[in-house]
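Some structures to go through are shown next.
The following pair of complexes shares a single chain, subunit A, combined with subunit B in the former and subunit C in the latter.
Let's look at the complex of A and B:
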């Protein structure tokens, strides 16, 4: 694997840092976030952050595992360096949603499905999947 | 008319690159009173200093300016040279045209203009410099050592062997400190007590060393060469000089409490010595737990004591002694509050029985509630592994005494953790964890040791080899931090990560050992205030200069040794203790003490005795003094400065309403002259 400075990704990562208020270079890869993650993300938070440190933004933002993050904030609470992996993953999700095609179309859900779902689930689902 | 010489240094290219030194010299030569000017490549070199001396002699100069580097660097050099040439050293001033000009400016024009200004200011200032004499004072050639751990012991032996009388003050009943707790030491795996106790015995038998065990320093007054220490000798309830250390009293004592020396893993008697090789071998009664003191019952120790040396009425004794120098060697402790994060499991309040019977109490091995009993710290593991420890050197877990088959060692607990612990690296943990895995593997043949680490820092002689040996002997190193510890049956579930694989891992361990960060003693900051020395934000005592003065504290005559100054292993502690001892010897090698004359002096005629100076003085150097007429009647009170204590900070100078207190070498006249000469052409 060739590691090289990636101009485009760097801007994207700076934008991610700006919007989340986290500093990705603060992470010293202790793995405590991975160790405590109840969602068993794969790849785990520490690997995602490592890839961001190396500038692989495009690869990280399209990882499936960011969608298994439940934002329980266990990683953020335990991080010894004060980085919040949950916030970074949330930022990645938002960037993904803004840039990518929606995975779920609201119109296709149908009245029957909506009637059966709880309101909060639908609202948070919109935020997550649209 | 003043005869001033100006010496402009080029400092090779350091100054000449951004300052036109020839122009500075030319400008200086045009100032009134300047009779000699020189522009030279290296003023601090031997030929440069010779030229400096020659100019003073040839031109009979009565003031010199050296426009060169910071006065911190070479003021002493040129003042000494001036003294050798017959000029009062305090008639020499430095204009800093390196750190304050050439190094901070890129523009040669600005650099040159500023250098001219600084030099001119100094020329005006030096015209008002008075010749000053250094103060000479006597000193008490005895050293006080605070703390009787390995640092204190080493410093005491070095000093006493050089002929200096030494007093060691130790707050515990015995010397030894934390090193006495260790089972073995890295990287040689030799028994800690075997190398420590001969030194303790040597201290005990040395005619020049006085041991004050079970004592604490209450107050330290005075200044370098003349300290006055107030020491509280806590009541041992045992008469020191009569006690033979036979051990009858602590064998017969029917009451037990948790042993601090054994990290609360077992019980000790209420009248006790901390460990069998204790020095001095004089027991003390733990009054907080002794029924004789609590409800006037028992007293068996007094009955069995052959030489009748138990004295229940003994009281704390206040001892005042004079010393010339102090070595602070108060050591460290392990970070206490890490268990909440690592396996904290405080039992719900309603489940804790209010009154425990004997069996329940015995089932509670340690008073530290809210933690899993089988999660222990490094020092507790040392006691478990120690031949003189609670298990006699067999590694058994504290909860049920079983031999643990799987042990997880966690590095960087509390350290390198800016969010919840301390941000520094505790430095010794990598090594002692490797040592622990070896001790464990030697003790439990079929056991498996796992180490969770982030980085291995083994920068020392033979250290990397030692880590390799630990790995060869079966320790499994996993790169990652541990997130949580949970109780699972009689085991502990360790939830960690392997960052090299990029996945979470779990291990069911029988026992977990935390490599907890070293932190200063809990009362380190209060103690620093008692001593009047500075400390960093963690409570470690600050050295004067991180590289060049690593054993001097911020206060003259007080030196630092060991882990109270920063995290250290045993070899480094011993080295620093010897260095501190050599500093004290250096101080005591002179007959008299020389003090710089830059101290405050009081104009007694004008002093209005408002005592503002007394209030602001941070060194307690100013005190009221009576002025008497020839019949001995008190006419008035004035302020008086003790030149031994005064550090020349100038606070009194600024608050004085009647302008009757002045700092020698920095008088108002000098400073006004300096300011007036400022033209600010470069601004």
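Let's look at the complex of A and C:
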């Protein structure tokens, strides 16, 4: 395990910070984001951020839990250090989506789902998963 | 429509209000007319994009809402009204308000978007939620004077969700953790308010697309809590919250009757003594009419 980000991991974390506008090292691990997260993310936001601080980029970017974030912004609202965990998580998602790695297959969405869902759910879902 | 002489309020509906949440739009329109103002729909609008991009480098997601704001500016100039636009959907409100904020506070985003869209928008439009308009422009005190029906027999839990309030610093509608605007609205129209802890919890939102069970569990938890605190119904300002909260009750066993989830404008219409025949209640999983009628409140199919 790396204690300080180095090499490719450092570059990836710096790119994530550039993309999101957040500073990973601002987090001092109070855990308020995790305590308030309604998505029961496992690992939760504060652990994802701690791992990024330790340079474990590859492990964090492939965590499934990032896809459970609903961008409710409770974490970002409560962070005493002004960090937005939701933005960091969206930055991680975008690494997949920009690399053509969708997490929902549009063609597999059932007709029933499309017929019953509100437009805002479908448009948001496309933005967050595809 | 006898709208002559009425105040005309620039209005952006968004996609869901024209399809799945028509009852929300119609009830808001009918209430407005009864209160003496008209929701004046923008002529040429597009989808707001539904979710505001959270990363700093994702400007494409701002192009849609920027176009809406530009259209609103054009509308306000043509109609000679103050530069503002009112929305009903929490998602539209959040996206448009945050985009407007970005135009005002972030010169680099403003320059890039204007260059991309070949426009010169300066962030002049004030984005307002219908609730905000009622509170700040119309006034809850004046609203209370318009109430025709005694609503005190129904106990309603105000449910805010997330995007109507957060991020507090940019939205600024109310305290993002302990809001009161829906409480105050319900007080004004004489409804008995049930204060419950899950009022700002997330309903599961767009997770219905990828992990529907998790989303439904979140919605169920909110309903259970509202029920435990004695609510007979919930009110919301968001079509996705309405849909998630309403739908998660479909699969429940019949041990519970379920809690109807209404738009705040539907309750307002009842308080104003208006007909609810256009409110699309038949599309709700839990039809609110039996509960409302049982409380002795007229839920008339025809006015008067």
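As a convention for this text, the second predicted complex is superposed on the first by the 116 of 130 C-alpha atoms of A that agree within 3 Å, B and C clash if a C-alpha of one lies under 4 Å from a C-alpha of the other, contacts with A are read in each partner's own complex, and residues count from 1 in each chain.
Heads up, the rule we're going with is that a contact is a pair of C-beta atoms (placed from the backbone, for glycine too) under 8 Å apart; a residue touches a chain by one contact, two chains touch by 3 or more.
What you are looking at is a predicted structure, and each value in this text was computed from that prediction instead of being measured.
Superposition of the two complexes onto subunit A shows subunit B and subunit C fitting side by side, with no clash. Contacts of A:119 after superposition on the shared chain: subunit C is touched, whereas subunit B is not. Judged by the touch definition given at the top, the superposed model places A:28 against subunit B, while subunit C stays out of reach. In the superposition on chain A, A:87 makes contact with subunit C only, not with subunit B. Taking the Cα centre of subunit A as vertex, the centres of subunit B and subunit C in the superposed model span 90°, given to the nearest 10. Of the two partner chains, subunit C is the only one that A:73 touches; subunit B does not reach it.
Of the two partners, subunit B and subunit C, it is C that touches more residues of subunit A. Within the superposed three-chain model, A:56 lies out of touch with both subunit B and subunit C [touch as defined at top]. No C-alpha atom of subunit B lies closer than 8 Å to one of subunit C in the superposed arrangement.
Shared contact residues of subunit A with subunit B and subunit C: 40, 74, 78.
Those residues of subunit A lying in contact with subunit C across their complex are 18-21, 38-40, 67-68, 70-74, 76-78, 84, 86-87, 90-91, 94, 103-104, 109, 113, 116-125, 127-129. By the touch rule above, subunit C contacts subunit A in their complex via residues 14-16, 19-21, 47, 49-51, 53-58, 61, 89, 91-92, 162, 166-168, 176-177, 201-202, 204-211, 214-215, 218, 239-240, 243, 247.
For subunit A in complex with subunit B, the residues that touch the partner chain are 28-37, 40, 42-44, 46-47, 74, 78-82. By the touch criterion given at the top, residues 341, 412, 416-421, 454, 479-484, 495-499, 502-505 of subunit B touch subunit A in their complex.
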